[in-house]
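Let me begin by presenting the structure, written as structure tokens, before commenting on it.
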Amino acid sequence: MLRIAIIGATGIVGQQAIVSLIGHPWFKIAKLAASERSAGKNYRDALKDANGSSRWWCTEELPAEIGNMPVEDASTFDPTSVDIIFSTMDAGPAKELEPKYAKTTPVISTASAFRYESDTPILVGGVNMDHAALLAVQQKNRGWKGFISPKSNCTIAGLVVSLKPIQDAFGVKQVVMTSLQAMSGAGRTPGLSAMDMMENVVPYIPGEEPKVETEPQKILGKFTGETIADAAFGITATCTRVPVIDGHMVCAFVQTVKPCTPEDVKKAMMNYGKDFAELHLPSSPAHLIDVTDDPFRPQPRMDRENGGGMTVTVGRIRKDPILENGIKYVCLAHNTKLGAAKGALQTAEYLVKNYLKLI
Amino acid sequence: MLRIAIIGATGIVGQQAIVSLIGHPWFKIAKLAASERSAGKNYRDALKDANGSSRWWCTEELPAEIGNMPVEDASTFDPTSVDIIFSTMDAGPAKELEPKYAKTTPVISTASAFRYESDTPILVGGVNMDHAALLAVQQKNRGWKGFISPKSNCTIAGLVVSLKPIQDAFGVKQVVMTSLQAMSGAGRTPGLSAMDMMENVVPYIPGEEPKVETEPQKILGKFTGETIADAAFGITATCTRVPVIDGHMVCAFVQTVKPCTPEDVKKAMMNYGKDFAELHLPSSPAHLIDVTDDPFRPQPRMDRENGGGMTVTVGRIRKDPILENGIKYVCLAHNTKLGAAKGALQTAEYLVKNYLKLI
Amino acid sequence: MLRIAIIGATGIVGQQAIVSLIGHPWFKIAKLAASERSAGKNYRDALKDANGSSRWWCTEELPAEIGNMPVEDASTFDPTSVDIIFSTMDAGPAKELEPKYAKTTPVISTASAFRYESDTPILVGGVNMDHAALLAVQQKNRGWKGFISPKSNCTIAGLVVSLKPIQDAFGVKQVVMTSLQAMSGAGRTPGLSAMDMMENVVPYIPGEEPKVETEPQKILGKFTGETIADAAFGITATCTRVPVIDGHMVCAFVQTVKPCTPEDVKKAMMNYGKDFAELHLPSSPAHLIDVTDDPFRPQPRMDRENGGGMTVTVGRIRKDPILENGIKYVCLAHNTKLGAAKGALQTAEYLVKNYLKLI
Amino acid sequence: MLRIAIIGATGIVGQQAIVSLIGHPWFKIAKLAASERSAGKNYRDALKDANGSSRWWCTEELPAEIGNMPVEDASTFDPTSVDIIFSTMDAGPAKELEPKYAKTTPVISTASAFRYESDTPILVGGVNMDHAALLAVQQKNRGWKGFISPKSNCTIAGLVVSLKPIQDAFGVKQVVMTSLQAMSGAGRTPGLSAMDMMENVVPYIPGEEPKVETEPQKILGKFTGETIADAAFGITATCTRVPVIDGHMVCAFVQTVKPCTPEDVKKAMMNYGKDFAELHLPSSPAHLIDVTDDPFRPQPRMDRENGGGMTVTVGRIRKDPILENGIKYVCLAHNTKLGAAKGALQTAEYLVKNYLKLI
């Protein structure tokens, strides 16, 4: 078993990482670390708020042995005490601490701090595994034994999976999209106000649209040997917040390079990802994409857990009435599973097996 | 005071019509009619369900004098007993009964039955008042003393108001839009299931997208003397249902014919509708459009009652990063006020004053 | 493996029964039956509504082999073709059909049709297993080879589990309770209206309070050899519906016969049910009751899945400030698991093993 | 017009006070004050958060002339510059500052700081107006020209109105109650977390039950000439938070001294408050209590605005099946209108007219 440390363990993504790792066949949670405020307590106590109420937000039970683990201080954490670091810190501390860890140890990160570096790939399971080779460039450039491998923004995690088979078969020319995003993406303390979200929609998510409009081109880009050449299509987005717990929905209007029918797109999506599934990574679903013919689906509450929260559900694929080579569809992905901790874990599994070859 | 009859009075739109007419300076509710099932009862009793619970759904109190009014049978209703007919029936009975009424009496309708007839305008307050002249063509064609004037689909009621100043100043070339629609649009008995809508989004509304993709071109078209020539732009839409009571939001990506900046668009919207406001119709708001600079607005629960539910709130106007001459924004309108009974009432007021010249 | 038939298989409780039986170590779903309308179709097709949308409401996937099973007509179903009948019909058809089945075959029922018969126990897992002996009386009285064993009302399923250790240790004298019930209890087609339940509470559930005020006394009563003598305490209830998907909460004010402290009650609850747990029934949880010290718990969304939806979560146990020997607490149970299909399945497991001795 | 100052003007209750005072026939908002952080800005700017978004949370528009008013520092505010002070500060600053103001000026307060002082009444409109005489004792005791008159806890504001006619006619012996409280009671920054409240119930509100279990006895007590002798009944409560914006519901089980029927209670409630209504205070409703026969009512979303948010709606009055002289019912009151700013304003109106005799 490989020893893994979760840094930022008390936050909501850290908690999801813990849940994702319970009973994992390859990884064992060896260490937990968080900010100075939590350091020195055991994990269960570190989660208690001022009222004595537990800030353990997962519906899965906190395993007793994790609750009893000591929480170390992230800023003084010794990365050589583990084989893999799973960083779920905010972008600020990630920027500072992840490079220190990466000198010696591979870092899988859910933070955005290094996503836009030219020697750093944004790996999305089954979509751009060949970009993992850029990590060697990063290691060489920076003189690191380890590396930093960040996950993508959670909103586009599902979109890029749905775009990849379209890109492969027909080429992507342009994407216009509106997202209807779940509240868990805004975190928990304090997160969104109940008075704002009840019976309401908030049509703005600070900082979101710029990420959504640039990350997919990198993820779907081409590894040149030295960096990633962005894919040559544009995205325009409006990102909204809806009163849903988990599950980001994207209403996409896609123009392809070559003409295609909804049936063509459906077939491409359903055939997609077989090679990746055959790697049998523990966190990978049987299908990367499920296409539903029910016009009322996908729905966040009904479909987000598809494939253990790792399958993207696509529905309403139809010909666009006005856009040239236009296809429109709706896709849904679990923002805190595929789009966060579990998606990053899947990447960790891939890298451990196929890049580090430790399994 | 002009005598008005509400046909379809027990339904949710009929109820809203009643509320909109309480204390109206020009119109007096003289008659109520509904289906055979309700006919013969007084209105209050006609609203009782099998459990004895009232199906009066407005938060405004039902006035005692309305509650005591008898409900007549719509199929045998005498249209000459009133000056104006306000029809809130479903499309089926509207198709059959509205022409009978229109032989003698002006009919303002919230149903879609006659929207797509070539001699029938779809009037939206302040947007296309010159289309009222088509009613004379309709009257001549059909040999009616009265007419049928239908309101638009509720989803695009706000969109067309926001597009009109853009069309006037810069021309509209193309619209890509996603709607986030409130549940009241689906009616009440049974309406949507609570189990479907709780903590969820349903990405499909049967029959909605075709209306959304065709009505705006007619509403924003040109009266030729004999019919309406549709405006020459295309719309593509995805319509979704969100857990909101009232207030349809549209996330619009608009390409204009002439280039324009977000500031230009804001100015055009804010200057828009002054002539119409000066008619001082009782149901008209002071501003047809409010533009907000708060990036988190408009929000359905906070902004739907703007201008008594008759003002369209527009926010997040910004330059599109990829579309040629592209502007994106979010607009919100009250679907059961501007988009239904009160919007139709505003049209009735306009027609009574400026077309029929009864005031 | 014992062959089980699910009668009423297309309804929401029937669907939950299917989900609860997937991978069951003792039972195999051998037959599905429903009303005439569904009979003759395969199960997947029987679930399709007029729009072609599936009325499969569980978030768990419908197994392909179940989807392909034929649906038989409940009214002509041959009960001898299976070993156990799991009836999830409504009370009306249950009243008529269950006795026909019971002539030859054991019937576990989620309907209320036979709950109040003097020769019929209302079995609740771990609470009154000795009442199973009343089934022999029923069989003798009615000349049945099989029997009818109904589950309790879902609202009191959790309450009686929480009351049993109090009754055993201190005696129960009186219960005043308010329930905050989830929407799934009202079924699905059409179920509750989204417009009624959004941002609202409905303080009435037709027919609920009389059941709540009488079933617990029978469940906690004493088997006399011929019937059940009701326990000698009174219950008064107000039952409300809240905008929650699953999980019925009860705020209970309990007066005991002997004085006791909150600590006493907590201890009694935590020690409760060990014998029952040792039977290791497949659907039984490790603990029948979990007592939480977090004052903000139990919460429906966070705690309903406790113990696979079969553990009752109790919190806020405190001394009542005014009632003699008064204790107040809040308890939560999953209404469609413990309170419906899975609770009935647990009873079936008990009866198969300990009454029928087939395992 | 009397000059009124709103202290704590930027908070949610202060905002509601502003809305309640728009167009008031007796009072003019002369001054606004808040904490040091807001002091020196105009009101509109003081409401802006770090994102530039307005924290004006009322759906009513902020009047331009109020937006332009300067905000003074509450700690140095000159109380002699106005005729009446409306304090909506939190308990901490209220404890310190209200006595300073009261030296010269009458203070109407929504804070709990002085509620439990023996020389201070808790006035609830129409319930205990004779307790106003205790203010003279307070003034004498403390050597104040002004006084402090606090409103009650918002949860029991509706309950005490419903109990008063019962007390008058039959005597109240004991109350067992569960509240289902709206989220607005928890304030706005940050208020409750959307992730906690979505599709959930939280069965605990810190500090609430002790207030609920003691204030009604004082409010319904007897003025002795020197203090209030508490009414001689006990209350036990469980207070829960439900996903509702506004409107606190109480499910009450009341035992009376003399026996009475539900019809008796209904009649007593419907006849109640006529004297108070005849004072024609601007904020008073036509009826203090409305009794509904619809078993599904009252509902928060449908009934909270009854009487401009100042009428208590009572439903489901029925005989208790087990409690001696027991009646059970459900009552609903608007927590931020009757239970907060507007209720306090009604008290201010009463005191200005009948105690200070300024009108």
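Going in written order, the chains are labelled A, B, C and D, and every chain counts its residues from 1.
Note that a contact is a pair of C-beta atoms (placed from the backbone, for glycine too) under 8 Å apart; a residue touches a chain by one contact, two chains touch by 3 or more.
Note that this is a predicted model, so its numbers are computed, not measured.
More contacting C-beta pairs link the chains of B-C than the other of the two pairs B-D and B-C. Farthest from chain A, judged by the mean position of CA atoms in each chain, is D.
Computed from the mean C-alpha positions, the centre of chain B lies at a distance of 39 Å from the centre of chain D. Our note on geometry: chain A versus chain B, Cα centroid distance of 42 Å, whole angstroms. Taking each chain's centre as the mean of its C-alpha atoms, chain B lies 48 Å from chain C.
Counting partners per residue, chain B has 51, 196, 198-199, 206, 243, 245, 295-297, 301-302 as the residues that reach two or more other chains. Contact residues on chain A toward chain C in their complex (touch as defined above): 51-54, 59, 61, 198-199, 245, 293-297, 301-302, 305-306. Across the complex, chain B meets chain A through its residues 174, 176, 178, 180, 196, 198-204, 206, 213, 234-236, 238, 240, 242-245, 249, 251, 253, 295-302, 315-316, 320-323, 326, 328, 330. Taken in their complex, chain D has these residues touching chain A: 51, 57, 183-184, 188-199, 206, 243, 245.
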